[in-house]
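Shared chain: chain A. Partners: chain B in the first complex, chain C in the second.
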Partner chain A sequence: MNKHVWLMALSLPLAVPGPSLAQSPEDRGRTIAVEADRRASGYGDLRARLTMVLRNRHGEERVRQMRIRILEGMAGGDRTLLVFDRPRDLSGTALLTHANPGASDDQWLYLPALKRVKRIATSSQSGSFMGSEFAYEDIGSQEVGKYRYRFHGEDTLDQQACLVVERVPLDSSSGYSRQLVWFDREAYRVLQIEYYDPDGDRLKTLRLRGYQRYDQHWRPDEMEMVNSQTGKSTTIVWQEYEFDSGLSERDFDRSALHRAR
Partner chain B sequence: MRAGRDRYFHWLVRHRPTVLIGCAVLLTASLAGARRVRVDYTIEQLFPARGQTRETFDHYKGAFSKEDTRFSLVWRDARPPGVDLFRDLQRAARHFEEVGLEDVHWIGSVTVAEAEEVEGETGLRVHALIEEPRLSDEYVRDILSRYRDDNLYRGYLWNPDQTAFAIHGYLGDQNTDDRTRREIEEALTARLETLDRDGIELALGGIPVIRSRLPKNLEADQMLFLGGGFVLFFVILFLFFRHVGQIALCVATAIPAYLVTIGFMGFAGISITVLTSFIPIIILVVGVSDSIHLLARYRSGRRDGRDGKDAVVEAFTHLSTPCLYTSLTTAVGFLSLVGTRIGIVMEFGAFTAVAILLAFGFGMTLLPVLLSLCPERRLDDRGLSFRWLERTVEWAVALAMRPSRHVIAAFSLVGVAGLAAGLTLRTNTLLLDDLRPHSGLIRDLRWVEAQGFGLFQVVLYLTQTDERELHDPEALRWMERFQRFAERDPLVLGSLALPDFVRQLRGAAVGDEAGGTDLPQSTEESSQLLFMASLEDADFAEVVYHQSDGEAQIIVSVLDKGSTVILPFLERVERYLAEDPPPVGSAVPTGTVYLLQSYQARILESFLPSIVIALVLITGIMVYMFRSLRYGLLAVVPNLFPLLVLLGVMRLCSFDLKPSTILVFSIAFGIAADDTIHFLGRFKMAIEAGWGVPEALVESLRDAGPAILMTSLVVGGGFSLLIGSQFEVLFLVGLMTTVSAVAAVCADLFAFPSILAFAWPALERRRQRTGQVQETTR
Partner chain C sequence: MRRSSLRAASRLLSIASVVVGQVVLGADVVRGQWQGKVVVGARAFGSLGHSEDRASSELDLELRPRFGVEWGDGTHRVDVEPFLRVDLLGDGRTRFDLRDLAWTGVWDEWFAYAGIREVFWGVTESSNVVDIINQRSPVGAYDGYEKLGQPMIGVGLVQGWGVVEAALLPGFREREFVGRAGNLWSPHAVDEGSASYESEAGSGHVGWTIRWAHTIGDLDVALTHFAGTSREPRFRLGVVEAASREVLIPHYELTDQTGAELQWTAGAWLWKVEAMTRTSAGGRYGAGVAGLEYAVADYFSLFAEYALDTRGDDAMTSFEHDAHLGAQLLQQDGRARVGIFVDTRSGNRIFRASFERRLGDRFTLDLGARWFGGDVSAEPPYAPRQESLIYMALVTYL
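Moving on to the complex of A and B:
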């Protein structure tokens, strides 16, 4: 099951037993990740509005607004459609992603100014998404099999007991040497991720705040990525969540890009 | 005053252990500070420390920090481009990565955006310009031919005729300290040597290479001077003193003075720079000069039958005031450099002045104590009665006894000729001004330029000021207009800006349709194209555009043709910006080249004021020293002569006025004043003792003449070693200080006595007349 980082925040309110203390750190780390992934599954599809606020090193802000639709994949991975509303000059630009487990994603981009759909041949994983502090790999599919895990320890974050898991990307094109993920003990929601650059230095930190339960799904209202090396930050605010809204494969094929705006 | 000095020196020789312990404590404390001193040869220290230009540059560096971190290898190959060349460049590129350089750019890694069919659909692919899986001779040639004149690659990856290719690698953010840069440069140079063979020529260039190799060359030169200089000093001084212990005493003031200065710098957190690294040389020369006068007087006392301690007290009591003033005038000469208000020059001026005063301090405390410890045996006087010394002094004496207006006329003529020549001197500074043309580094860098690759960049830094972004089509068209304007200049090798990237991108998105390679028609189109590129390659166009920060740059590669060409070009750029400002955001010229030129222009502007300040201050000190305006003004006359001679020599040798030559004037002036002070000090004492002018002149020449000649020989001989330096500035310091030492000794021994002989009686008569008038009035 593929998950985006925001989907990893989803969890089911099932009381599952915690990982066994007798496990090795590697097994225990993986067990936690699998459990978090399991809890994040089963939402079917969702729609939401995103407001992305980019702060540069001078403290100036730029705002991006987009709509997102996600169809949970059954076998072939998730389908995601992002439609941009702001900035105005990107309005109507739509990015369709078909995640392929074990292979690179397929992507199409609709350019309204040229009225063309372009197939994106090879996506840059470590590159910045829309000039933000989020890289494509941060927001792309985060399936369990993409990482090697190791239980790192327990911690308290914002007065919540957490399990901290280290995960190392298996893809050599990743921009990170490792990541530390804080899951809350109660519902295995992701509260924080620290990203480390190839030299092993901390690069940025993602904080997920304002979790709310929508039906059976936990969702954060805000995700803030702070780059500790440049001082830049990006905040994504989630609004108007809609689950199981009746999206189908047809809404995520190539021709849907023209209709997206 | 004299009695006080006498008592002080008597106290010193009676309390030798106290003085020695005090000096030892001071030196130990200084060593602690000296250990903290860092060596810093960064280019930024040459820039103005403050001001709008510097602020703009700092902003620019915050946005585009890579400008100064690029290592470039230029590879000229006799073979036609093909697979073999690709493989060789690939090996070299791997070496770049192995030594820790990042973002290695070469024909096999730099990207191109192209339309491509992906599973039956029209797609866009950003990929390596030459892709390894498709490698063949025809493919390589086809790609090179297709992109031959593309602004993105020509002048960056290959030269216009594609006979030379380049590989570039950048220092990571954590690797920009001097030590790491040097380690990377050395490792890369060693690896690249394994690739060198017949049929190819290689040269490594780039600002980090210059930064790494300059200090090594500088260290080699300093070793040459400190090693060779000591040997030369030893030989000259031995001929004079015939006493190894006293030769050692000559440098006894210089070494502790330097240590304490370095200690000060360490505690103050100030680094050793290219300029302050000259301090040991200057201190050695200045310290030795005063020591020679003091030891010569001491030896003279011993010869007259005084015992060791008495001779020490007599010599130091007698010469402490002239030594104080020689040190003060030299220190003031250097201190005048503070007027340039350029950090590195100010530090150099201030700390050299401190070191000179410290040398005087040690000369008046440590030196008499050490000298009084010398054995009481009889000294060998052969050296002091050196035949050529005596003959030269007697020649000067003969001239002083029969003063001739012809001599004054001849010196005046030389001075006027020097001044006339100096007025025609050209002001010109090259960006690679530090090194002499024959040095290996400069040969390599000039070769790289000759192949058609620009080592230096003038940058136009653009910032977004309102909602309109810098990829607005109007802004893109303006950037392109500016590029065309810049590229028309013969100084410019090429330029790179956002339109070059956007054109390629649009071509890839629209394909071969009409207008496919035009610039976008709307902001929407630009934005969407850039967003599309970011999906493929997040760094696409990043070298010239940071969209999220609203910052862009136009990189203009220029040849190092000197400030006479670059400064007018920069003025044309500024005029262009005033007449045709960007329609979106703001644009200002900046970058290392721009800042270096600003710095050099400022030094040149401050040249005359700093020389005038030095002249006024030194004249003031001399007036105070002699308590006489006449003496003070007269003392300036022989000191101007070496400066005028320097101007003439510079014109004869076709040297241009530049920061390095200007520094020499201050050094030369400070050093030249010393001889005059010693000579005039003796003359004043003789006049005050009731001697007539001719007798006073003879006595002064015989007393101070040998030491003046010896100090000039030591100064000229020591500095002449620097003529062999690879550094332009050291070469000029060596040559011009030698010239000025010779000119100063000629002026002091041969012209000045004649001037005094003619001027003094007239001045005396005027003084007496004034005195009589005042008496009558009263």
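Moving on to the complex of A and C:
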């Protein structure tokens, strides 16, 4: 009896990510996504600094800087607080997001000049995040349940062996018909995502680089989104990651916005 | 020269506060944030139809540094926001003020604060009738008013049924009537030095407020009560004996105000209402604003609101039966707002437009205009006169 339990426990992690002949491409794609999600979650909370560089097709740049705090919630119910440092006229402006699994998010904006907290209409998923090439759905929680999966094949990216999974957003308000996601075989880190528009044409490519390990969490230093249809691009550089820094719900309620500046 | 010395001063300030935080308070982690801006602003006014001796333009230099430091892993925080306006044309509007100089402490479900603060109550766009804690100053505001810091000490409790916050308000700030603001109410000048109070304690009367606020799904709701000296004076006609000329003397009554705010955020539609009822020696009246915002896109919103004041022609505001339509457009490097207010009784109307444009990393340029159309004599006699003006401001961020 005991022996059987041990065997099962041993075989589980092998069976999950490994190539199984019995699995359909749909099952295999989903299994990979579940494993990647398992490895990416469980960080509790994090703080970091973000620098976002927006480039138009002429190469002109705009720089946005912000501080971010995230409290991991159950089933995608994350709390996120963004405080802007640049552009300087927006300095101290803060955006609080309460993600609601299966429903639209709640968002509040803090305007430091007026000391005013405003509940705002939740941005549409496909809308641009701060005028960048990232849509809200690209940076929000990407729970397993939001997509339908299919294993697409194997590939090599930057000399790393990858599993490529196709995922189709289930929400009709998504701006994409499908996405291709490159996970590295070693640690199931997302290395690249290709986004396809409703006509099925490739719209954008996201590259994630400079993965570093913080405790058991892998985090990229740099995310670059290139829009191949417009020639615009956005780079996000992450700095000063702190995990499990002791944030609580109280750091993500409306009154916390006043203290965010 | 000025900018570099300002920056040096602010660096010194931030170093000093870290030292204070670590040595005096024994805190291990101190996080500081500072920012500052210098505003050069010019305004030109149209005619009010009276007191043509007043200045038709204003030119100001403003310094607005802002500094915040927190320690004890966010348990304590101090915010400092001084304000200095230099009247470059010498109309006597030069002022120093503290908009913020307050400590805030946060422990689990409790929070407390003490110091000079600026507080916002309200949900609507066109005006905020429940917003009462801070004195409003029309002096120096491009269009509308600015708030003066209010001394207060308060405590709050965060629970599953909402946030309750109560505060004492020691000290009172009188409304300012220098420059153009002195003539908005009447052809007579306002004699600030003779201001009188209903309370025997005068400006030393201690007021209090309590507020409950809660979010229930798509609803944001708040109830408020204020008891203290009215921020809005009544005026009586007086005579300066020496000059034998008539002046307006402000009189500050004691008042009780109960207010409510409600916002329902239904997708792209935001329904908003705020209302209050106020009692003072002069009786009871009510005022409210209700309307909606439609977010056409992330960067484009439309507004429609209606404002009501039961005092009607006795109102101390022009917005006693007024409809408002507005639009806001956000762009990568700028913002534009337009709006129109129409008095549904008199047909008087105000058109407002403002544009902000980011210039590089350190500057923004603000342009705005306001135009009053209609019959001045149809405006409430006790309300500040509506006027036409244009303004321009160059803001430098340090």
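FYI, the second predicted complex is superposed on the first by the 237 of 261 C-alpha atoms of A that agree within 3 Å, B and C clash if a C-alpha of one lies under 4 Å from a C-alpha of the other, contacts with A are read in each partner's own complex, and residues count from 1 in each chain.
As a working rule, a contact is a pair of C-beta atoms (placed from the backbone, for glycine too) under 8 Å apart; a residue touches a chain by one contact, two chains touch by 3 or more.
All figures in this text were calculated on a predicted structure; none of them were measured in a lab.
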Combined model on chain A where chain B meets chain C, clash or fit: clash
Partner chain in contact with A:L109 - chain B first, chain C second, else both or neither: first
Partner chain(s) touched by A:L95 [first = chain B, second = chain C, both, neither]: first
Contacts of A:P87 with chain B and chain C, given as first, second, both or neither: both
Partner chain in contact with A:R119 - chain B first, chain C second, else both or neither: both
Contacts of A:S255 with chain B and chain C, given as first, second, both or neither: second
First (chain B), second (chain C), both or neither touched by A:D199: first
Shared chain A surface residues [contacts with chain B and with chain C]: 54, 62, 87-89, 91, 112, 114, 116-124, 127-128, 131, 254
Chain C contact footprint on chain A (complex, rising order): 54, 62-63, 86-89, 91-92, 104, 106, 112, 114-124, 127-128, 131, 246, 250-251, 253-255, 258-259, 261
Contact footprint of chain B on chain A as seen in their complex: 54, 56-58, 60, 62, 87-91, 93, 95, 107-109, 111-114, 116-124, 126-128, 130-132, 135-136, 199, 229, 232, 254
In the complex, chain B residues that touch chain A: 62, 116, 118-119, 121-127, 172-174, 469, 509-510, 520, 522-529, 531-532, 534-539, 547-550
Contact set on chain C toward chain A in their complex: 33, 35, 37, 66, 68, 70, 73-74, 77, 79, 104, 106, 108-109, 111, 118-120, 122-123, 156, 158, 163, 213, 215, 218, 220, 263, 265, 267-270, 293, 295, 297-298, 301, 332-333, 356, 358, 361-362, 364, 395, 397
